[in-house]
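Before anything else, here's the structure in question.
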Amino acid sequence: MTALLEVSNLSCAFGALKAVDEVSFSVREGELLGLIGPNGAGKSTVYNLIAGAIKPTSGRIVYKGRVITGWKPFEAARSGVARTFQIPKPYGLLSVIDNVALSALLHDVTVAAARETAEAVITDVGLADVMEAPVSILTVGQLKRLEVARALALRPNLILFDEIMAGLTRPEVMSMTELVASLPSRGMTVVWVEHVLYAIMQAAPRIMVLDRGRVLADGIPEEVARDPAVIKAYLGEEMSLA
Amino acid sequence: MPERGSISLFEVVLFGVCLTLVAVPVPHFYQDVMIVTFIWAGVALAWNIAGGYVGLISFGHAAFFAIGAYTSTILGVRYGVTPWIGIWIGALLAAALGTTLALIGARLRGPFFILSTLAAAEVVRIAALNWTSLTGGAEGIWIAPVPNAVNMVFASRTTYVAVMLGYVAAVYAIAKTLEGSRYGLRMFAVRDDEDAASAAGVNPLLVRAGAMTISAFLTAIGGSLFAQYFQYLDPTHVASPELSFQFALLPALGGLGTAIGPLLGSFIIMPVSELLRSYLGAVFQGLHLAIFGGFLIVVMLYFPDGLAGALKRLGLGRSKGPP
Amino acid sequence: MTTFGQLVLSGLLIGGIYALMSMGLTLIFGVLRVVNFAHGEFLMVAMYGVWAMTALLGLNPYVAILAVVPAMFVFGALIHRLTIATGVDKPHLVLVFATMGLSILMQNVALMLFSADLFDVPPMFGGRSIAIGPLFFRVELLLGFLIAVLATLGLRWVIRSTYLGKAIRATVQDREAAMLMGVPVPHIFLVTFAGGSALIGLAACVMMPLFSVFPTVGLNFVLIAFVIVVLGGMGSIEGALLGGICIGIVQAVSSYYVAPAFGQMFFFIVFLLVMIFRPAGLFGRKGEAMVGIN
Amino acid sequence: MIRNALKSFTAAAAAGVIALLSNAPAGAQEPIRIGVLQAITGPFTKNGTENWVAMQIARDMINERGGIPGHRRKVEYVFADTPTPTAAITETERLITREGVKITAGSGLSPLAIAVSQAAERHGVFHWETAGGAEIITRRGHKYTFQVAPSARRYAEAAVDFIVEQLTERLGKPASGLRVALLWENRAWGKSVGENVRAYAPKKGLKLIYDEGYDQFITDMTAIVQQLKNVQPDVLVAISFPNDAILFQRKSKELDFNVGAFIGVSAGYSNPDLRNSIGGMVNGIFVSDFAVQVNPKALDDKIRPIAEEFFKRYDDQMKRPPAGHASMAFSAMWAFFTELLPKAKTFEPAELRTIALGLDVPQGAMANGSGIKFTNHDWAPDQKDFGQNLRAAVGVWQWQSSGNNQVFPTRLATHQPAMVPLPKWSQR
C-alpha cells in the first residue's frame, strides 16, 4: 500500500506563534488516522493546511504523488479531498437536502441525480427526518452530521473530519463513530481530528498525538494511551481511554 | 408563492393576466405604466441574479443599462445597424464590463463591493456625458419616431407592451431556470457560505463572475428596449445613480434570492408609485417619495425577505419542511 | 509654480473639510459595520440646522456648533433607535437598503419643508480672503481645516484613552467577546452612531459658510465621502483625514491639468484602482476589506 | 333637539354648497382643460415650482376676468409632476388618455420638454412649451409642439451681441482684441448654449481664449478659477446653475480673480435668491436671459398693467421677483389665453396649430416684451430655427444695487450697463 498523503517538515507560524513545527507523517490508502492533542496543539492548523484553507510557512504536502502545498480548497475537493468544518458552515437559506446536493454535484451532472445521492447520504448520517427542512431549525448535533454528510456526498478518496463529535449526545456519538469506522471499508481514507477521545480511541486503529505543534506520539491506541509523554501532555485534562 | 425552480400555478395565472392586459385595449396611460413596469421588472430580475442569488449587491446597474441603450441606439442612428442586432452587441459589451467588475471586486465583500459598483457607474456616466462625439453628450441622442419594424419603432403602443412583456417573460424564465439548475445551487452556496462552497469544489470567483456577466447582459437588453420605447437618451437620465438605486430597490422590496421576488416587487411598487405620484404629486411636493422612502425602511427592517416573503408568511405559499 | 502652490493649498484646505465630513461615516462603519447611505442627508439636515441657527437666532455658524452638534447627537440616537438598532444584526444588505430608504425619506421631507431653494449664511470676516504672497485662501477654509485636524486628534484620543474608547475597540475586535466581557454592545452602537451623527453636525457648521444647502445637497458630497472613507481604510480616523486631503489635492490638481469636466471622474478612477490593488485602503490595515463580509 | 339642529345645519350647508357650485357666470360653458407638466420633485424642482406658480397666476388672472375673451370659458389646469423624463412620458400619457386633455403646456426644462412633447405629439395633442430651450425639442419634426421660449442659441447670441455692441467701447478694446472666456456646466442646457456661443462669437469677430465645462456635482472651483486667472480674460461668459454659480463667485473672490465684465447665462445667475446667497457680490453681473421686467415703454398699453399685476402677485406669493423662466411661463400662458384661444372655435389641436402658425404678435405685446411669430413646422432637420418663436425676447439684464435692470437690447432696456469694467474685488 502506497502513501496517499505525505506530509513532510510542515511548519506554519502566526506571527511569533509557531502553531505547527516541522510536522511529518504519512497516511496510507484506506487508513483511518486519528489526530488528537490538547488544546492549541496545532491539530486544526495541520488540518486546515491539508485542506488548503491556509498556506504553510514551510514544508510540503504530497497527495497521490502530487505536491499540493498551498492549493485552493476547491482544488482539494475536486481532486478528492473532502473536509468538515469544526464550526458548521451550512448554507443558511437552503434546505438540508440542497446543502448536501451541492456537494454531490461535484460528480453528479443533474440536480435530480445530486438530490438522489444526497438523500442516500443524509439517510446514512441519520438526518432523513429533516431532509427538506431549512437548516435554520437544525440542532448542533444535526449540523455536525450535516457537515459529515456534505463531505461524504463529495465521494472523496481522502476525507478530513474536524471534531465532528463535539456537541453530540452519547448515542449520537456511537452511531457516528460506527459510520466513520465503516468508511475505510468503503474505500475512503480518513484523517480525523477529534477531542472526544473515547470515540476516536475505539474507532481509529492508528492515533497520532500532537503537542505544541510537534508530533508527540504515533501508533496504535493502546501504546499511545500508555505513552508517558502523552499522559503528561494531557495532564489536567480529564481522560477516559478505551 | 412558487417553489424554487418549479413553475407554480401562481406564475401561470400572473402570466395569463399580463397577456390579457396586452391583448385587451387599455388606456395609453396604463400601457405606459405597463411598459415601464415590465422593463424595470426585467432589469430587477436581472439585478437579482447577481444581487439576490450570489449576494453581489450592485448600485451600478445603470451602467449596464446605459451601455445597452447607447450601443443599440448609436449603432442604429449613426451606422444604420438595426436594433434587433444592436441589442445583442450592447448586451455583450455590458456583459464584458460585468465580468470585469466581478474580477476587480474579487477581494471585495459587502459594502466594499457595493461602493466599487457605484464608482464604476459614475465613471460610465461622466464618460457618456463628456464623450460628446459618440454619445451626443448631455444633449443626448434620439431615435426618429418613424414607425418601422426594422428600426424597432412601432406605431402601436400595444406592440411595445407585447415586446416588453416578452422581455420580462424571457428574463424570468432564465432566472427561474438558473434557480433550479446546478449553477443556481452553486450561486446560493457561494452567497450563503463561500468557504463551505469552496470546500465542496465550487470556485467562488468563477460563480461570481458568471452571475455578474449574465446579470449585466440581461440588464443591457432592458436598456436597449427602453431606448427604443423612449426614443431619447441622455446620460443624466439613463446612467444616473438614482436609476441604479431603483434597480436595486425593486428586488430588495420584492424579496431577494427568488425570481418571484423582483417580479412582485416591480409589479406592485412601480404602478403604486406611479399612482402615488399622479395623485399626491400635485397635492404635496415630495410627499409620494417620502412615503416610498418610509415604506422601504419598514419593509427592509421588518420583512427582510421582502413582499414575496411577507406574502409567503401570510400563508399564500406551500409551507416548507416539517411543521 | 504659484499656480501649483495655489492648487495644493486650496486642495489641502478643502480636503480637510471633506475629511471632517467623512469622519462620521468611517466611525459608524468601523464600529457597526454599517454603511450609512443616508450620510449625505444627515449632512443636509445638519446644514439646515446651522442655517436656522444663523437665520433665526443670528448665531455665527461656529458658535452654532454648541447647538448643532448635540442636536445631531440626539437626532442620530433617535434614528439609531428607530431603524439601525433593528437591523444591525441582520444581513448587511438590510441596513444598506434601510438607510437608502432613510435618504429618500429625508430628502423629500426637506423638500416639503424648505422647497428646493438654496439657503446660505451671510459671509463672515468681511468676506475677505487672506493673501500669503501670491497665494490666497479664505479664513473659513483655514478654520475648517484646523477644526478637522482637532476633531481627528480628539476622536483619536477618545478611542485610545477613554473607557468608552476601550469598549468601542473591544466591540470592533469581537462583538461576542466584548458582550461576554460585560461591554454593553447595543449601548456602544447607539453612542457610536449618535457620535458619528454629531461629527456630521460639526462638519455642517464648518461647511455652511462655504456651501449652500438644498434638499439634494447630500448627493454632491456623499460619493466623495465614500471615496475618502475607502481610501483611508474603512473605520480608520487618521485614514479619513489623509484620504480627504488626498482627494482634495487630487481633485484640484487633476481638474487643473486634465480638464475640469473630468475632475470628478478622476477620483472615481483613483478609487477603483485602490479598490483593486489595496482593498484595505491606502492607509488601512491589511485584510480590513474582508471584514466587510456580512 | 340637537339632532334637529344638526339636520338643519347640514341642510343649510348643503344649500350653501349648491349655491357656490351654481355660482359660475350664467351661460358659461365648461372650462377649457389644459394639462400642465412641471417638475416639482427631483433634480429640476426649483425651476419647475417657479414655473408652476407663474402659470397658476396666469390662470387665476384670466379666470377673474371672466375666462377666455369672446368665449367666457374659464381655464382649468390638470397638473402632473414630472421629476424624471420617464415620469414625464407616463404623466403626459395619463393627462391625455385618462384626463382627456387636448392641450398640454409647461415642462420647463429641456430633458422633460423632449419627453413631454414626444408623448403629446404621439396623440396629436397640442403642446405649448413655455420654457424648454434645447433645439432638439422642436427639431424632431413635431406638428403640434410649439416652443414659445427662445432657444439656447438666442441666449448665446444675446450675450455675444451685448459684448460687441455694449462692452467693447466700455472696455476700450475692439472686438478682435477682446479676450473672451467661456465656462459651462456640462448638462444639456450649458452644453447647447456653450456650443452656440462657440459658433456665433467668431462671426462677430470675437475669439474665445478659454472654453471649459464642469460636472454638475462639482464641489471645488479652485482649478477653474485658477485657470481663468492665468488666461486673464476681459469678458467671461458662464452658463451655470444656482449652486455652482455661487461656488464660482465665492471662489473668484477668494482667489481674487478679476474680469472686465461677467456675463452669466440664465439659470444660475438669473436665480433671484442669488443676492441672498452672495450678497453685494452679485452687483455688476450681467445676465443673458429671458427678458424679465422690461422697460414698460417697450410694452404696449394693453399688456403693461397685466405685467405689473403679475409681478406683484408673484412677489406676494414667493416673496421675491420672478426669474426669467417664470415670467416667460406667465407670458406664454397669458398669450395663449388672450392671443390664441380667442381665435379658436373647436379647440381641436389641428385648429390650434393653424392659428398658432398664423399668429403675428408684435414684440412688446407679451408681458416680458416678447412677441410671437412661429416658423414653419415642415420637416427640416438642418433648419436651426425650425419650430421656434422668432420673437421670443432674449436680453441682458444686470444685477444692480437698485435691482435686476434690463440693459439690452436697447428696445427693452430700462437702464444703462453699469460697473464696466467690473471693479476689482478689493474695491467691491
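As written, the chain order gives the labels A, B, C and D, with residue 1 at the start of each chain.
The working rule: contacts are C-beta pairs under 8 Å (C-beta built on N, C-alpha and C of every residue); 3 or more make two chains touch, one makes a residue touch a chain.
Note that this is a predicted model, so its numbers are computed, not measured.
Centrality by Cα centroid goes to chain B.
Most remote from subunit C, judged by the distance between CA-atom centroids, is A. Of all chain pairs, the one linked by the largest number of contacting C-beta pairs is B-C. In terms of their C-alpha centroids, the spacing between subunit B and subunit C amounts to 31 Å.
Subunit A and subunit D have Cα centroids separated by 76 Å. Distance between chain centres (mean CA atoms), subunit B to subunit D: 37 Å. If you average the Cα atoms of subunit A and of subunit C, the two centres end up 48 Å apart.
Residue positions of subunit C touching 2 or more other chains: 108, 111, 115, 215, 219, 223, 261, 264-265.
Of all residues in subunit D, those touching 2 or more other chains are 41, 43, 45, 49, 186, 213, 215, listed in ascending order. Under the contact definition stated at the top, the residues of subunit B that touch 2 or more other chains are 126, 129-130, 285-286, 289. Interfaces, counted as pairs of touching chains, are A-B, B-C, B-D, C-D. Across the complex, subunit D meets subunit B through its residues 40-41, 43, 45, 49, 79-81, 83-87, 89-91, 93-94, 96-98, 111, 114-115, 118, 121-123, 134, 136, 140, 186-188, 190-192, 213, 215-216. Remark: subunit D residues 41, 43, 45-46, 49, 186, 212-215, 217-220, 222-224, 226-227, 230, 242-243, 246-247, 250, 253-256, 271, 273, 276-279, 281 touch subunit C in the complex.
By the touch criterion given at the top, residues 5, 180-182, 185-186, 188-189, 191-193, 195-204, 257, 320-322 of subunit B touch subunit A in their complex. Those residues of subunit A whose C-beta lies close enough to touch subunit B in the complex are 51, 53, 72-74, 76-78, 82-83, 85, 89-95, 98, 101-103, 105-106, 109-111, 114, 129-130, 132-134, 137, 150, 154.
Listing the residues of subunit B that touch subunit C in their complex gives 51, 55, 57, 104-105, 107-116, 118-120, 122-123, 126-127, 129-130, 241, 245, 248-249, 252, 256, 284-287, 289-290, 292-297, 300-302, 304.
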